[in-house]
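Below are the structure tokens for one structure; questions will follow.
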Amino acid sequence: MFLKDYIGTVYKSSKSLLKGMKLTGYYFSHPKKILTEEYPDNRATLKMADRFRGEVVMPHDENNEHRCTGCQACEIACPNGTIKIITKQELQPDGKKKKAIDTFVYHLELCTMCNLCVVACPSDAIAMAQTFEHSVYDKKQLKKTLNKPGSKIMEGVE
Amino acid sequence: MAETEKMIFPAQLHQTADGGIVVSKLDDIINWARSNSLWPLVFGTSCCAIEMMSAADAKYDWSRFGFEVARATPRQADLIIVAGTIVMKMAPVLKRLYDQMPDPKYVIAMGACTISGGPFFYNTYSVVKGVDHVIPVDVYIPGCPPRPEALLHAMITLQEKIKNETYFGPSKTIEK
Amino acid sequence: MSLILDIGFAPFASGVHNWVYGMFGNTTIAMIVEMVIAGLSLLVFLVPLCFFLGYMERKVAAFMQMRLGPNRVGPHGSLQIVADTVKLLLKEGLTPDGSDKFLFNLAPIIVVITSMLVLAPIAFAKNFQIWDMSIGVLYVSSISSISVIGILMAGWSSYNKYSLLGAMRSGAQIVSYELSIGLSLISIVILTGSLRMSDIVMSQQNGWWLFKGHIPVIISFVIFIVASTAEINRAPFDLAEAEQELTAGFHTEYSGMKFAMFLLAEYINLFVVSAIAATLFLGGWMPFHIGSWEAFNHIMDFVPSSLWFMGKTFLIIFIIMWFRWTFPRLRVDQLLNLEWKYLLPISMVNILLVTVMAIMGWHF
Amino acid sequence: MTNEELKVSVSALYPAITFDETGEFLNAISSVAEFRSVMKTLRHNKELEFDFLFCLTCIDWKTHLMMVYHLMSKTHKHVLVLKVKLDDTKDPQIESVADIWKTAIFHEREVFDLFGVNFKNHPDMRRILLDESWDGFPLRKNYVDENMISI
Amino acid sequence: MSLLGAPEVTEDGEFIINIGPQHPSTHGVLHLKVWLDGEMIKKVQPHLGYIHRSIEKMSESLSYRNFIFATSRMDYLSAHINNEACALTVEKGLQIEAPPRAQVIRIIMAELTRLSSHQLWWGCTGLDLGAVSPFFFAFREREAIMEIMEETCGARLTQNYMVPGGVMYDIHPNFQNRVKTVLKQIKENFKEYDQLLTGNVIFEGRTKGVGYLSPEDAISYGCTGPTARGSGVSCDIRKWFPYDGYEKVQFEEILGTGGDCYSRYMVRMAEMKQSVYIIEQLIDNIPEGDFQAKTKNVIKLPKGEFYQRVETARGELGVYIVSDGAASPYRIKYRSPNFSNLSALEHMATGAKIGDLVAIMATIDLVIPDVDR
């Protein structure tokens, strides 16, 4: 009886081990099952999902105009102070003064890509971009100004 | 990323009458070896560690670059990827691990928490606001957490930095 | 190319031998010079071999795990290990405070030297053997267990608790598994009637022991593979350096060059045990022959003996790598259970069977 | 048991306990003196049998601290929240329940760490999350940290 | 690496080693002080706090919309479920309910999260026990789920998809098809999991009878999730206190009997199948309608206390909000599953071997940032 158990154990154990080896052996002999995407070589074809959140950008049109009114809704919505908006008073043609953005400071090093600012924005001035290659040698370069130099607000955006 | 083509060996073939001689600079070979054999220390504190694991998995597979030899002991590691928040209690440990690593050693700060405290920058009492307060950092990758591809990009960026080092003589500076 | 290898090897070895002895009248000097030449040529042979084994290991692992493995450094990543080695050579070698500096630095050297010593009686090709001693098998089994001294030394001198635990595990492991290795080797010695490696190879002229020795030899072959995997500390028996338990076990404190020597020793060991298994069970450099199929045997003879040897060795290396990338690690008590409850009793019964078989002349 | 039945059976045992039913669960407010015996009864009484302490925490109401114990019975499937008011904010003290529910060992250490409540007869009263040398109790409302940056 | 350098041997000849804070088997930064007698563990003392990020304090100064994002970083493997718990608590305070479409999306997302979390756990269990290949097999399916997440939520790991009152935006048009293909693939690959690890004699030897936790101790230590269910303690919040319409779907609460590592392992393996089953029921029946209930721009909870329990991949997460009527919570307490589960480690590991400690930690499935918060 003891011997039967003993041989049974040896048999069962060896079988379970061989089962595992069969699986790894199968994948070894089927190189077509390899899943690897070769990242730096596939950059031409690599496409992120539409909703992928890589960084906050402020789209400008061809006239170097953006849609940001400087309402600071995004600044309030941001949970960790990633966005700082510095506003200025701009003289309108009709002589009135109007609030406009001076600099839209965006701290990429703090940003968690939570999308709350984009949701909060009433005028769709900011969006999430699909870029992700942000590596830098110097941390200071991660502090970005989103409005391009000399840009101004689009007509009709309140 | 300036060059994406694969560099086989940092040398030129010098043509002579019968055959050729492979000519190379010692600096180039050293940098080639170092940059292509970055063994990371297994060091992940939070979410970014999962993306670091993803970078090792079959889809992204950082073993293509020779990074897959993750060492559990700092003595055998060349690179420490700080993946996750560093808090006050952890900072001395991180410093110690860094000191235990043999030269040359490199640091990648992965994710917002590591670079600056990120989501935990404001109103927290225990988070170190940037790992560069503790150890010197070579490459920063923002993101929360960055994609595995972003980590690979950071490692390639680091490789480029290493390739511009000089073993004999002053170091060159590069802009990125 | 392969033909040149085969024809070239044997005359080359004897040519060097004759030349050296002719050059120096004094045989002592001639012997020393020959030893140096043999040692150097071994090194020249071993370093690329270890590069290849390292490369192979990574590629095998990668393919079993559905990934590509190294492919960016050199053609198909083949220079990856070269880069690793150059880097390790240039890396700072730390000796921790509080460690026993002499032993700490000596340990990797001992490990490498012992693993290289075992190469001496192995026949790499027809008539190509460094030292065909009369006690070949005994020599192999005794020298191979010395490497544990290096590991114990490394673990003890590091002044690190993980290292110490790893070294102790390694000690227990080698002491146990040495028994089954010895017993499984003895079964071949019984069948051959000689401890000399060349005799063992020659005895397999008509068929390899694995095929003509019936079931007992197959059992001892399996036991040998399992036990030798354990003896060279490879997964699933890598308790001495269990990464998840002891960070890096006995070599936790080693860095740079000294760590590279442990890696080198690991691969030499892997090669050595596979080579011994190939010699003893798969006929060494003997080509594959089937009884009376003259035409077939003739074709087989055409393949050079060195290729036969390497082919068999690498087959076994692959199997050992296959183990590593499939199985979970054993626990200490499981490890000892496996040896003392299963491998040892089975190999003892097996020896009995082999002896009966040899006496009755049941093998072909 | 429903909240109403719970209220009846608990107040039958301890008439001094007051109840508050504004929330989802039944809140029972006990005094510090009675606290330990209340907890023992809640755990061991066959009808109540609160064997699962799923949440243990503290609230700093500036004037006083409030210990909150969320208790649940696996057998009877009812939930009770027991609260104890600690008036002494300088050196708040309360009996430990670590021997009744082992999960309290960690949770009480956490409360000690972040609120500075001292648990009497706790097997291992040390800080758990912060350094031993940490100054102050960060979740108190009056905690000031000059390193802390506010938005 | 050891934090304290010098070898420490107690008077009884016990050997003290420090596992962590940085160690491959602790899955993060946990420091375990282990008293050893040879290979045998005499005592384990967990030292926490190496990733204590003061999320509770931070949340006290964030608005009810903003505090959710930080909880993704607690148990980052069940980020969705953590966010869901917070959203549900706020909804409870506002006395609103997410629209049916949002509820179904939430359940599908939560189950996908659970699936991916368990897959990662499975790979890491293999890795901890010394088998490297399971890690890659597990990540194959996990990556497929991550892709779905990315497509719909916009991020792979910390999705931040839940908002009070529903979900942030509607599912991606591809969502249903993709989920179905991935589920099909996953169901096929369960066989491979069994081949590689479940039936393996070494694996069984390393987990069977190791780290025993009795049902009474499991309850007393406050263990929840698969850790407690492995001991046969019924504690699935989805069954006990259904939320987000879990009462409408059919699934089984998996209960183990052994109380050992193997039992906990089997519970998780079976739970994966249950998650697939839940998603299969819902994926074709996502009701039409709004994905978000109307909420005010600035959410203010009424005065009072709100407690919401959900079942994450690791056990019961409780979100306890004390509100004083302001726009940000007065006090938030996260009752994290791992914190309680970890407290049982000492009980389980005493008398085991070092190798067992790794197996036990693997099957408790610790996520350290969730312990420390």
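Letters A, B, C, D and E name the chains as they come in the text, with residue numbers starting at 1 for each one.
Rule of thumb we're sticking to: contacts are C-beta pairs under 8 Å (C-beta built on N, C-alpha and C of every residue); 3 or more make two chains touch, one makes a residue touch a chain.
Quick caveat: nothing in here was measured; it's all calculated off a predicted structure.
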Distance in touch steps, counted as few as possible, from chain A out to chain B: 1
Chain E and chain B - chains in contact with each: A, C, D
Chain C and chain E: spacing of chain centres that average the CA atoms, whole Å: 45
For chain D paired with chain E, centre-to-centre distance based on mean C-alpha positions, whole Å: 25
For chain B paired with chain C, centre-to-centre distance based on mean C-alpha positions, whole Å: 35
For chain B, residues contacting two or more additional chains: 57-59, 61, 64, 72-73, 89, 100, 119-126, 144, 147
Junction residues of chain E - those touching two or more other chains: 1, 23-24, 49, 52, 54, 57, 61-62, 69-70, 133, 135-136, 140, 143, 158, 196-197, 200, 202
Per-residue multi-chain contacts in chain C, two or more chains: 64-68, 71, 243-244, 247, 325-327
Chains that touch, pairwise: A-B, A-C, A-E, B-C, B-D, B-E, C-E, D-E
Chain D residues within the chain E interface of the complex: 22-25, 27, 51-55, 57, 59-60, 68, 70, 74, 77, 101-103, 105-107, 110, 114, 127-131, 138-139, 150-151
Residue numbers on chain E that touch chain C, as the complex places them: 1-2, 5-7, 15, 17, 23-25, 39, 126-133, 135-137, 140, 196-197, 200, 202-203, 205-206, 353-358
Residues of chain C touching chain E in the complex: 61, 64-67, 98, 159-162, 164-165, 169, 235-236, 238-239, 242-247, 325-334
Residues of chain A touching chain E in the complex: 12-13, 16-17, 19-20, 22-24, 35, 48-53, 77-79, 112-116, 119, 128
Chain E residues touching chain B - in the complex, by the definition given at the top: 1, 3, 21-24, 28-29, 49-55, 57-58, 60-62, 69-70, 72-73, 76-77, 120, 135-136, 139-140, 142-143, 146, 156-158, 368-369
